[in-house]
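Below you'll find the structure, written out as structure tokens, and then a few comments.
Chain naming follows the written order as A, B and C, and within any one chain the residues start at number 1.
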Amino acid sequence: MSEYLHYAVGEPLVDAAAPGGPIAERWDRRRFEARLVNPANRRKHTVIVVGTGLAGGAAGATLAEQGYRVVQFCYQDSPRRAHSIAAQGGINAAKNYRNDGDSVHRLFYDTVKGGDFRARESNVHRLAQISVEIIDQCVAQGVPFAREYGGLLDTRSFGGVQVSRTFYARGQTGQQLLLGAYQALSRQIDAGGVEMHTRTEMLDLIVVDGRARGIVARDLVTGRVDTYLADAVVLASGGYGNVFHLSTNAKNSNATAVWRAHRRGAHFANPCFTQIHPTCIPRSGDHQSKLTLMSESLRNDGRIWVPKARGDTRPPAEIPEDERDYYLERIYPAFGNLVPRDIASRAAKNVCDEGRGVGPGGQGVYLDFADAIARMGREAVEARYGNLFEMYERITAEDPYEVPMRIYPAIHYTMGGLWVDYDLQTTVPGLFAIGEANFSDHGANRLGASALMQGLADGYFVLPATINDYLARHPHDEVPHDHPAAAGAVAEVTARLRRLLENDGDRTPESFHRELGELLWDECGMSRTESGLRKALGRIPELREEFWRRIKVPGSGEELNQSLEKANRIVDYLELAELMCLDALHRSESCGGHFREESQTPDGEAARRDEEFAYATAWEFTAPGAAPVLHKEDLRFEYVHPTQRSYA
Amino acid sequence: MNLTLRIWRQRDAAGPGAMTTYEVTGISEDMSFLEMLDHLNEELILAGDDPVAFDHDCREGICGACGMVINGRAHGPERTTTCQLHMRHFRDGETIDVEPWRAAAFPVVKDLVVDRSAFDRVIASGGYVSAPTGSAPEAHATPVPKPVADLAFEHAECIGCGACVAACPNGSAMLFTAAKVVHLNVLPQGAPERASRVLGMVDAMDAQSFGGCTNTGECATACPKGIPLTAISTMNREYLRATVKGGVRRGT
Amino acid sequence: MGTRPSVGGMALATRTDRPPSLIRSAWRSTVGKKAVMAATGLVMLAYLVAHMMGNLKVFFGAGEFNHYGHWIRTIGEPFLHREWFLWTARVALSASVVLHGVAAYQLSRRDLAARPAKYAHRPRRKSYATRTMRWGGVILALFVVWHILDLTTLDVNPNAQEGRPYENLVASFDRWYVSAFYIAAMLALGLHIRHGFWSAAQTLGAGSPRRDRALKTVANALAALLTCGFIAVPLGVLTGVVS
């Protein structure tokens, strides 16, 4: 462990692809300067895309439309099931349809500030510019956004911004946007432009002469491990929130693709930046397999409280008004229940740590609609939140019209990811990362309704423009399937799978995942301390050692073996978790979703330390269990000047 | 709760299968049905047995991955997805039959896992609007009346789980196909491909060994997202309209 | 996932090949075939309404009934030659029966093949409508054959006098088992129409949430009307009202 802590600081990392000039012109300039591939030559280029969520689906469809040969992968049985489908709230765009003062610049400003000044200005500005085109694109695809009676698009406001710029399709915006991308992708599959491999999971990256030239993937049905070669590889494999075991991610979402790429040379940026969503349904027991998010919009009308006395087990209805603590309204009178996600989450943790939490295990706070029902009437509440109340009741068997909801924060999104330059290219030439898999746009905290925006911006507009430049500059020779780099990667993958299968242990993969997740949640979750992180960094190598000693995986590798899939993902979590803790330990400031107890203002708020930490960390892998090398990318703020956030 | 489970076990697509009985104890009524199966699988692994394979992913009722026939009903006794079905809807001591979707177009892969790629081929045969990236006009160029947008949304909610096919005595995919046809055909954006879409998708559906529709309505009853049965009638109308007007099919 | 050649911008082009024959491709599709069943079913239904009304003339005596039987052969005269209309109708009906039956057979074969494995846990109520339609259809087909042999070609009629439909009918229904078979067939017909009419409306795209109740009401009314109207005749004979 001590060795791991003694990481070296390497050369600073510079984004060589970033164009200069006025920020509003940079994207145009980059697109003009980027080389193009002659349309007739595109078919000769093969691009691998891993993942079919908003970013991957959009990228695969768009690259095939341009004429590239796309080979695409997803572990699900259909590209339509990627976890983007579960996003509820909406997608931001600076359309200014409301004439409420919105603009590209304001969306840019809000996103940089919301990210607590830990994102790159150029990237965020480009995102805001493209947001406008995304809505046009999705409407043209037939995405059924909510509309007003006049037939125009409806918008709503979201997460602490002062304009109404969030487009939505009831509570299923992610589903509708994903189906749009999936349909565009399906059209290309039918046209022969995309070779789709479903139920196929990427297990390693093939790097030849320093360039990403393919992947090793396992057919999850037959167990066959194959190499797939290409001129460039795009990872759109999502975030790594499942390292926490319990999260709002899909059960099979995993970090293997990005982690294997990291081990092959792609730097990992800001791994400790994870977002915790304040309004999830609390866990009901040890059997809990995942957590379910309730839309943030509930905080518009619900009031959050806990009993004033610790250990008060009375039913909520029997706790009189003056014995309740509406703690958000008390501590943050200006914003009340509408403070940003990170602040609401931490406040809930604090009251629960004080022993005032409610529900099983004291891990919950009340979200009470009694006042809203008294004020607006039950029908108005039902019209606004009916489907959410129904979902809550289905899961908990409690009627939120009668009994206050119980909520608790949960891991929801990871801002960190593979380091990419302005072109979304990682430190391995030819390897690109898009969507949640990269670290680029959200800094230390993501605003609501911005994940969908970023995924689609990367997939539809950014990557298809920038990958041209790489392909045009690097005419590639064919790599033979038996190239030593490919054969070596296959050998490593199969050896690891065999080791998992042959180990004669007595613990299930699930039990290790749960233990790792609990450790991370406690020490690298909502608030972090040096001692806690050091403790976790001590425990993780032990757990890893125990894993390889005691893991038990049934069945064989030549069949559909879900236990093997799971165990293989946990191997990577056991390494990634260590890097997350190290990154959190290194960043001794608090910012966004990363709260270090040592760095707070006198009234207990996160204290950023710009003079020391105005950079993104990018970790270089050295060897398993050995200390990584830290590279810093300095962040310069020319257009939005860092200020301390205040919501009191 | 203690339960007796009778679960279809089948090693692979080629193998024979059989209902196999398991006793599970200590089930909490707050568990979801899949968490109950997780519990069983943990015990099976420790006992050196092969755990039960089943598809699942988001576990919040939207990805459409999970699906099994529970006591003869697709997704079980409640109108929801299997992942959102909770054990409080069962009685202590009950015997529960768990089977995979049954349809010629959905061959069993293993245990409760079936191959639903036929659905993807139906969508690929016209279930889209041809709008290549970058070609879109300004979003407000074409207003869409709210009732039309709502109608499209109601049909776009389909999660592609396959419960409609599993519940249909004919293994028909009419409700699935119709949901996409209606979603896109009622919108102005979908109008230019209105005829080729329905012709192409129905052709693809027929090519996938799904059965035909006998209007029994079992599909709509089983649908966890409440896709209305009238979607089928609307698709039939679109199909006949396209045929009568000499609609063009997509090339092959 | 084929590996069809598609070069560059070609993937963007809208492809607009014309199919060889719309009727043929419609017949090949399940939806088109169902539409044929629906349309032919409606033709037969229209015929049955006329047939039933004609049958009821039996209650007004042999003269009127036989005159009606004679008139059918002279419809359209002098524009049409004798029996032209009748034969046109017979051809149209036969075509409908054949198309309806062939489509039903082919679709049923397909439907059964689409569900090769059954569920171990059988739900209580399932495919009631489908089963009634299939078995009801078979019963009706057998009935029609016998019915034509009995009262059209008179091959199995005990009276068998050309041009004397009233007497032939009474002679046939005087046998209780013939009447019983007829009544059973008409009950099957009622059930067939009850689901078939509504189903045809769905198949032809006339279904909508607004019209659903109306369609079901019309289906039930037609089924009841036709069943009662047809059954009235053998009952009349058996009770001696018609003799």
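Everything below uses one rule, namely that a residue touches a chain if its C-beta (ideal position, glycine included) is under 8 Å from a C-beta of that chain, and two chains touch if they have at least 3 such contacts.
Nothing here was measured: the structure is a model prediction, and the numbers come from that model.
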item	value
Chain whose averaged C-alpha position falls nearest the assembly-wide average	B
By count of C-beta pairs in contact, the leading pair of chains	A-B
Inter-chain centre distance, chain A versus chain C - centres from mean C-alpha coordinates, in Å	60
Centre-to-centre distance between chain C and chain B (centres being mean Cα positions), rounded to whole Å	34
Gap in Å, rounded to a whole number, between the CA centres of chain B and chain A	27
Chain C: positions in contact with at least two other chains	12
Contacts with 2+ other chains: residues of chain A	65, 189, 196
Sites on chain B at which at least two other chains make contact	130, 132
Chain A to chain B touching residues, read off their complex	58, 61-62, 65, 76-81, 83, 85-86, 95, 97, 133, 135-137, 139-142, 144-153, 169-170, 172, 175-176, 179, 182-184, 186-187, 189-190, 196, 198, 221, 248, 250-253, 284-285, 287-290, 292-293, 391, 394-397, 460-461, 464, 506, 508, 510-511, 552, 554-555, 559-560, 562-563
Complex contacts: residues of chain C adjacent to chain B	12, 14-19, 22, 25-26, 28-35, 107, 110-123, 126-130, 133, 195, 198-199, 201-209, 212
For the chain B and chain A complex, residues of the former touching the latter	11-12, 28, 30-32, 34-35, 38-39, 41-42, 44-46, 48-51, 53, 55-65, 78, 80, 84, 86, 88, 109-110, 113, 115-117, 119-120, 123-125, 127-140, 142-146, 149-150, 152-153, 156-157, 159-160, 183-184, 187, 189-190
Touch list for chain B against partner chain C, complex	6, 8, 19, 69, 71-73, 97, 99, 102-105, 130, 132, 168-172, 199, 202-203, 205-206, 209-216, 218, 228-230, 232-241, 243, 246, 248-252
